[in-house]
Every structure is written in structure tokens, then in C-alpha cells.
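You will see two complexes here that share chain A, one where it goes with chain B and one where it goes with chain C.
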Partner chain A sequence: MSPDDMVDIFRRVLETDGVTADTDFFESGGDSLMGTRVLSAVARARGVELSFDDLLVAPTPALLADRVASVSR
Partner chain B sequence: MVGIVPAFLEMDRTFPEKCAIECDGRGTTYAELAHRVRATARELGPEPGPVGVLTDRSEDTVVALLGILAAGGVYVPVDPAFPAARQRALLEAAGCTRVLGPTGLRSAPDALPDVMQAAAPDPARDEPHRASPDQAVGDPAVGDPEAPAYTLFTSGSTGRPKPVLTPRRAIAASVASLRDLFGLTPADRVLQFASLNWDTCLEEILPALTTGATLVFHEEAYTGSIPRLLRAVAATRVTLLDLPTAFWHELVRHLAESDEQLPDRVRTVVIGGEAVSPARLAEWRARDTGRVRLINTYGCTETTLITHAVDLHGPEAPGPGAWWGEHEGVPVGTPLPHVTDAVGPDGELLVSGPALALGYRDLPEVTAERFVTRQGPEGPVRWFRTGDRVSRRPDGHLVHEGRLDAEIKVRGIRVDPGEIEAHLTAHPEVGVAVVVGTRVEDRTTVTAYVVPRRADADDAALARQVLRDLRASVPGHLVPHRVTVVPGLVHTAGGKIDRLGTHRRHSPAAAPSAPAEHRGGLTEQDNR
Partner chain C sequence: MSVPTSAATAAATSVVVVGAGLAGLTAAADLAGRGVDVQVLEARDRVGGRTHGIEVAPGDWADAGAAYLGERHTGLLALMERSGLKTVPTVMEGDSRFDVSGAARADSIPGRFPPLSGVALGELFDLLDEVTRSVRVEAPWLTPDAERLDAMTAAEWADDRLRHPDSRLFFPLFLGEMMAAAPADVSVLHMAFYLRSGGGLRYLNAFAGGAQEWRIDGGAHRLSEALSAGLGDRVRLSEPVTAVEQDDTGVTVRSAGGATRADAVIVATPPVLADRIDFSPALPAPRSGERTGPGCAVKVHLIHPSPLWRRQGLSGWSVSAEGPLLSTVDDSPADGGAGILTGFVTGDEARRFAALPLAEQRAAAVAQAGRLFPDLPEPVGFHVTDWVNDPYSRGCYAALFGPGDWLALGPHLTRPHGRVHWAGTETSTEFFGLMEGAVRSGHRAAAELAARR
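Let's turn to the complex of A and B:
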């Protein structure tokens, strides 16, 4: 999953276009409930079932895309 | 009314070999659980007073809860993930001198009183038996029904949480009603999903363990991932789910978008905590959920777990329920058998009956404000003023219309915006602040408007810093979604800070011409 795909997911969930690969989910209005939407979207797109803890340690599209890549490798 | 501890020990006598708790696949029988409960009660000694419990997702927390109740003490759950200062404040406010918790949680020894270890099972000591000298502990109807059973906290405007003292009679009355409401049987398997630090978890634990049902803990249920939760529910054959409404909204979205179904053993889904979104309810109905009871519930910590309920969908939903949510709010239901309610002249819901709390510990003025005694036809009656504005429909169902004060609901947790404001203004770089909750569709967003203490502050950097500092110092439900730095707050003609006025001026999304104040718009009210 490319960082761009992840940026799209963040944009949909955070309902803002102002997301880049380095936007911090939790500093942009994200919370644990909205986090479930990111996890569900990643699971649908890639079949990788991340946890909320993954999002906590990798809160930007770039970091989270890296994490998906390392899990699915 | 049979107390919780005798009701649980009755299950030990009836189903000693039945699984009481299944934790990540490992089962504990009623006999083993009762044995651990008695051991904990013995270790605490009689009348131990308020005992803090550092909660975790395992049977240890259930053993601590029942052990403290069996000893005649007061259960005070504390989330070990909370910042240490918060843990200390909660323990002090509840009057705890001792804390039960697994070793390894002594990360802040100066912040916590003496930590003693939860009584671990000791197979060498003795077999679970029914005639031991410690049988006296917890077996008789323990103590005075007016004595407190547990202390939980609600948000306070001063920044200090308010400890609610819940007596034994309240929990006994409420749990008896909930066993009936849920239609629980010993064949049921109830997922422990709710946070162990709020009262919803007691809706899961206590009705199950006083029916002979099985309480299921599963680590995959707490990952924040709905696909993983659904897999855990299917694998553990859970029959009853109790979810915060805000989380249920996300579950419905997920089911609709992924075209998945609820695992087929689930027969009941209980929701509560805020207003049900009519859009999510319609999506739920459109799926294959006709066999599942969807029960909407309402209740306050001060009135013990659930006081009102209604089946919104499924086999026991009343016929006219089909149109609920299409033209007006989704109802929160009718009072349970142990509850008496009344609607005051200003629309405020008042609740009476044995489930009322004793009050707020060491806060007589706040207690007198919210717990009022009014003359009834048969003498004085004590009522709790919920602060919730409701209407009663011709069919008797209550509909939640909003709040009489500024309280908001954050992911199902009651929050006084004043509490967040108190934490914000304690920040060295913040002068004044207001907090506003806005509800859009099925979600509440909490926005803080802060005025910097220094004129030369970098707005974006300050907003980021305040958010980070808050995340480090207070629990998540007190952290706003957004911090917006503004030059000044809006005041009313009378000189008071105007929360909504500040929001309207500074929020790009809240233009004054936008439809507001109602469902889907700007609201400073909470909707359960």
C-alpha cells in the first residue's frame, strides 16, 4: 500500500483535504473511534488487520503505510 | 432483594463446574472463581473500606470486584493507563488507603498507596470447598444494603472528578432488572468489552455471573479493529454484546461497507451512551439482523447502570418501532421495573427508586443540588435530577432532546466542558479557554478555543503543544479533537463567556447562517 493510498484513507476518515504523508492523525482531529475506520479501510484494501496500537505508534500515512508493508511482507 | 455476592455464590452452589469466565481461551469455573473471591475477601479482612483496583482485562479484576464486595468494602476501579497524577487524584477522592493490582504495576510508587497483590489461586493450599472457616465471608447477606458497593467518577466543572457512591441495594435492584431485560440464561456467553473504569462493564459482568452464564474476555476484542473484534466474537461463540452507541455506529458502518454479517451466535446487542443515529439504525435494519435484539438503553452513573430501555429492532421490538428514527429522535425507552421517573416542568428527566446513588463523596452541596427530596402522596421521595431534557411520547417512550447544562458526551463518557477548560487554563501558555462539543451526524467533535498568554505566540505551534501536553496529562476522553488558538473569546451581554458564540465566530464550519441547534447541527447538548 503506497503512502498516497494511505493519504486517501486519512482524508476520507478525517474529512479534510489537508492531509499529507506526514500528517499526524491525532493532531488532526482523529480519535480512537475514527481510528477504527482507518483500520477497517486498510483491512478491506490489503487484508491486513492492524490494531489501534499500530496507529498510535505510526500515526501518519507514511509511517502507517510502512507498517502495512512490513506486516504483509 | 438478594445482594450481588449471595447471588453469585448461589451460582457457585448450582453450577460449580460450569465456566464462569473464559479469558483468551482459558476457562475458570464458578467453584474456582468463588474460591479466589473468598481468598481475596479473607486477605482484605472485614470492612476494608474503599479499595482501589488497578484494572486489567482479565478475571483478576472480577476477583477483586467480588472479593471487595464480599469483604464489605467499596470497589474503586482505576485505569493504570491514566497519568499517575490522575490515578492519585481518583484514589484520594475515593478515600482509598489500599490498592489491589498485579505486581509490575508499581510504576509510580510515590503516586500510589501501598500496592498489595491480588490473591492468586493457590492449588496447594486447598481445594475449592463449601465448608471452610472462611465461608462466613460473603455468604450471608453482607452488611447494610445502604452501605456503598463501589465508587465511580463523573466529570466535574472544577477539573476534579466527582466520586459517586453507589450503595449495595442499588446494584442489586439494577442487576435483577438487567437479567430480565437481557433474558439471560446459563447458556449465554457475554463479551466483556466496555472499559473497566466506567459502570457499563458492570452491566456485562454482574448479570452474567449471577445467572450462571459465561463472561468472555478476549484480547482481540480490545485492539480497536472491528474485523478482529468480529472474528473474536465468532470464535468465542458470544451471544450478547454490550457496546457504546458511538462504537456501534462504527460497527454498522463497517458491516455496511464490507458487506459482512454479525456472527450468527449473537442474539442480543445492547447499546447506550448517546443518541442513536437514524442513518445507522436504517443501515442496521437493512442488513440481516431481524433475529437479533437491538436494545437501546439509558442511565446515569448516579442512577446505577441502566434505568430505561427499549428494543429498537429484532424479535421483541414493538410493532410501531419500524418508523422510529425516520421523523423524530430514536427513543431511549421506558423505565425498568425498579425505576420510577418523572418529567419536570422544564423537561428535565427525574429518576427515583432503589437504584439512586447515595450522593457524591464529600461534596454535600453538589449532592443537594442533584439529589432532591420532594413530597409525594405517600411521603417524601428522593429524586435524581439527570440534567437530561426529554419528551414522553404518547406510547410512553422517552425521547432524549438534549441537556439543560453544557455537559457533552465523548465516546459515551459524560464530560463537563468546564473540566477540560480547567485543564487547559492550567497550561502555562494558555490564558483562557472554552470547550464546545459539536455533533455532526453520528459523531461528537470536541473543539477547544484557547487564547494564548503571550501575544507573540506561534498559533499553530501552541495548538500542537497544548494538545500534546494534554494527551500526556489527562485521560483520552478529556483531550479535545481540535485546539484552535484565537485572539479572544466571545462574551454575552452580561459579561459571561459565550461558548457557542465563540464557536460561531471562530469555526469555519459554523457560519451563523448554517442550520444549527438541532440534530445534525451545532449543539452544546449531549444526546445519549
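Let's turn to the complex of A and C:
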């Protein structure tokens, strides 16, 4: 999953276009409820089940895309 | 319908308001400000309705009823400002406690996220968001697919749509917290409407940046008391209204103390209670049905000398899969003083808990608090507020509309019946069930009467 795909997911969940690969989810209005919707979107797109902790340690599209890549490998 | 037609054009120079909760008092204050002769008849011996303060320690008040507000609650904030009342932020620093996994001990976790599958909860919120967005919030009965959504309970919906055990476990807890309902109590249409009306899933659920951002300093009841003080002896307590009779020249409102005559009436009570008033001529249609239930909330307060859980790095926030305290939150006053741990007992658990004697309620609540917050001593004070069986509220946060209710009742909730107008949080499609909905309904009802002139 590319960082761009992840940026799209963040944009959809946060309902803002102001998301780049380095935007921190929790500093951009994201909370735990919205965070789960990033996880379900990733699971739908890639069949990868991330945990909420994954989002806490990798809160940007770039970092979370890395995480997906390492889990899928 | 034999309602006198002249009522539609007559000037309302005198108005009786039934119910001194936030809706009725807001309407009465608006009308009094326009020079209308207002009388407020309240059944209880206090004002405030579903807001109620308990003095848990000298000078420290706990909200036994409605408590929270956020920045979108503009009507409430404006009234507070006029009354000189301030907000205090809800605090949520430290770890949460979760007892949802069936483990012997509760889990301590930073933030508010429970130790459940994030993907499963995400799928639950995706589904809820989808149905919530589909609702026509200003007229839910006109929602596309309204008949199907109105016929199905939220329990049936969950049974059909939720596959993962974690989402099935979490859904009733979420619904209990959001709207004090068990999934079998409400139609899918009402669930979706409620979530949409309150600002959507995220706003309604959030503390910081959401509908639980603040409390009212000193207690939410202070707003009603301030409005009532402004009205003075125009507010009459212990006056349950039994009948409202219209004729060609006005309305006679019969209450415990006798009859009050006026040009028009605003009934600002929950619809189930309004339907018990004997209207003459009769209402063209009821405003509650057999499936309309009470909001199922019992609020428990455990009082400690200080917020002891904070010393252990705990926020006071907890979520449990088993009752009675399905969630707890730290509602301690901002300036130090007492430690107030509020426990929410909602949905089916509220009905069970409400039926227990006080000693058993206390034993169960204290034991659970001790499991959630290790080393928490016996509380120095303990309070239970049962809204489910309260004769003058019949539930809290708000009436629960069951299958069939929105299609049958929806159009009648706000439609005036001759000289009778309606207020109450259940008549507001904006922030239904919240204090903000009550305030907006009061302004709307007062404006309707002004428009009659």
C-alpha cells in the first residue's frame, strides 16, 4: 500500500483535504473512534488487520503504510 | 377536528408553560422578555427537569442528570452567558480502565480505546456512519427507506450486520452511552436520527472537541435556577397539570392548585407525559406510542475526599461489558475538593439495577469500582438517581422511539394543536435528547407564539 493510498484513507476519515504523507492523525482532529475507521479501511483495501496500537506508533500515512508493508511481507 | 379556528389568529398576551425544565423555562424567559404574561406550572417541587444537582460535599455539586455540552451547543452557551454561568472542561488525563475482555483483571490502557479488535470496531462505526448519514434529520419519517429502517430494531440490525464478536459486544455499550438505550428499545431509524441529530458519531462520542467537552460550573441545574429566578413568582412548583381545555376565547389549564386561564399553552414535557394530560378537544393523534420507551439511565455517584484514582495515573474513565457501572467518568470539580466518580448504568442494566434495594445497589457499585480502580476505599458518599422510573421524567436522556414510532408520531411532535404548542428536547430535531435540544425547542415554541400575533 503506497503512502498516497493511505493519504486518501486519512482524508476520507478526517474529512479534510489537508493531509500529506507526514500528517499526524491525532494532531489533525483524529480520535480513537475515527482511528478504527482507518484500520477498517486498510483491512478492506489490503486484507491486513492492524491494531489500534499500530496507529498510535505510526500515526502518519507514510509510517502507517510502512507498517502495512512490513506486516504484509 | 373541532379546535376553534379563531385561535390561529388571536394574539397570545398570556401563556401557560407546562414544565419547568430547560425547554419550558427557555420558552417562558423568551415570552416574558417580550412582555407576555407567563405562568409556568411545574409538577415537581423543583425546577430543572432532567437536570438536577446533588450537593455531594459542602459547595461541591454533582450532576444527577444531564451534564455535558460542547461548542456546537450554541443555544445553551448563549443562555449560560446571559446567566453568568461558566463552563468547566471535562478532564481525561491518565489511563483508562477496561473490563471487556473477560480477563480476571481490568486492563489499564492510555487513551479511550478498548482492548478489542480495532478493525471490527471500525467496521461497526463505518456501518453506523452510513446509516446515520442516510437520515433526513429535519424530518426522519421522510428518509429514503424510512419504512424499513423504522420497522427494524437496532438489535435486529446488529444481529444482521455485525459479524465480529468484538463489534457485537461493543455495540450495546456504545448505544447505552450515546442514547441510554438497549438495542431492542429503538428502531434503526431512531438510532440513526439520534446520532445524526447530535452532530454525528464522532462529535457525539468525543469529550475534547465533542459533545462532552465541558460541564456547567457548579452544576447544570444552575441554569434552570437562574432562568427561574428571573421569572420569580411566575414559576409555580408542585402543580402537576391534569387537563388542558380549549374554547373560542382561550385555554384553561387545570393543575393541582386549580385552573389557570391563558391565550395559549406550551407543553414542555416529554411526549409520554404530555399524552397523559386530558386535552379537550382531544389531540388529533398521540405523540407517543406503545413502543415509545423511557431513556434507560441510572446515574451513580461515588464520592471520595479527592480524586484518588488520579494518584495511580488513572483518568477515572472506564468501560465494562458487565454492569452495573457500564462506564465511569471523573466529574470532580475543577478547583480541587471532592473526588466525584460518576457511574453510568444504561439500557437493560438500568432497568435491572433500578429494581434493586439501595443497599444492593451500593454493594454492587462499590465492588465494581474497587475492581476497576484498585485500592479505592469505600466512598464517603453514595448517590443513585433513577430516571427510568421517575414519574415526572419517565426516562433520561430522552424518550426512546421504538419500531413504528417515527412514521406514526414524527409529524405530530411539533405541530400545534390549536392554542397548544409543544417544546421539550424530543421536539427538537437538532441535538435531540440533549440540553441543547431542549433550549432550541423552547426558543422555537416561543417564536411560534410570537408569530401568531
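Here is the rule we go by: the second predicted complex is superposed on the first by the 73 of 73 C-alpha atoms of A that agree within 3 Å, B and C clash if a C-alpha of one lies under 4 Å from a C-alpha of the other, contacts with A are read in each partner's own complex, and residues count from 1 in each chain.
Definition applied: a contact is a pair of C-beta atoms (placed from the backbone, for glycine too) under 8 Å apart; a residue touches a chain by one contact, two chains touch by 3 or more.
Bear in mind the structure is a predicted one, so any value in this text is a computation, not a measurement.
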Once chain A of both complexes is superposed, is A:S2 in touch with chain B (first), chain C (second), both, or neither? neither
First, second, both or neither for A:E27, with chain B first and chain C second: first
Please indicate which partner A:T16 is in contact with in the superposed arrangement: first for chain B, second for chain C, both, or neither. neither
Now for A:S72: first (chain B), second (chain C), both, or neither, which partner does it touch? neither
Overlap of the chain B and chain C footprints on chain A, listed as residue numbers: 29, 31-37, 39-40, 43, 49-52, 55
The chain C residues in contact with chain A across the complex are 110-113, 117-119, 121-126, 129, 201-202, 205-206, 208-209
Flag every residue of chain B that touches chain A in the complex, lowest number first. 223-228, 246-247, 249-250, 253-254, 257-258, 411, 443, 445, 464, 467-468, 471, 476, 481-482
Chain A to chain B touching residues, read off their complex: 26-27, 29-37, 39-40, 43-44, 49-53, 55
What does chain A use to touch chain C in their complex? 29, 31-43, 49-52, 55-56
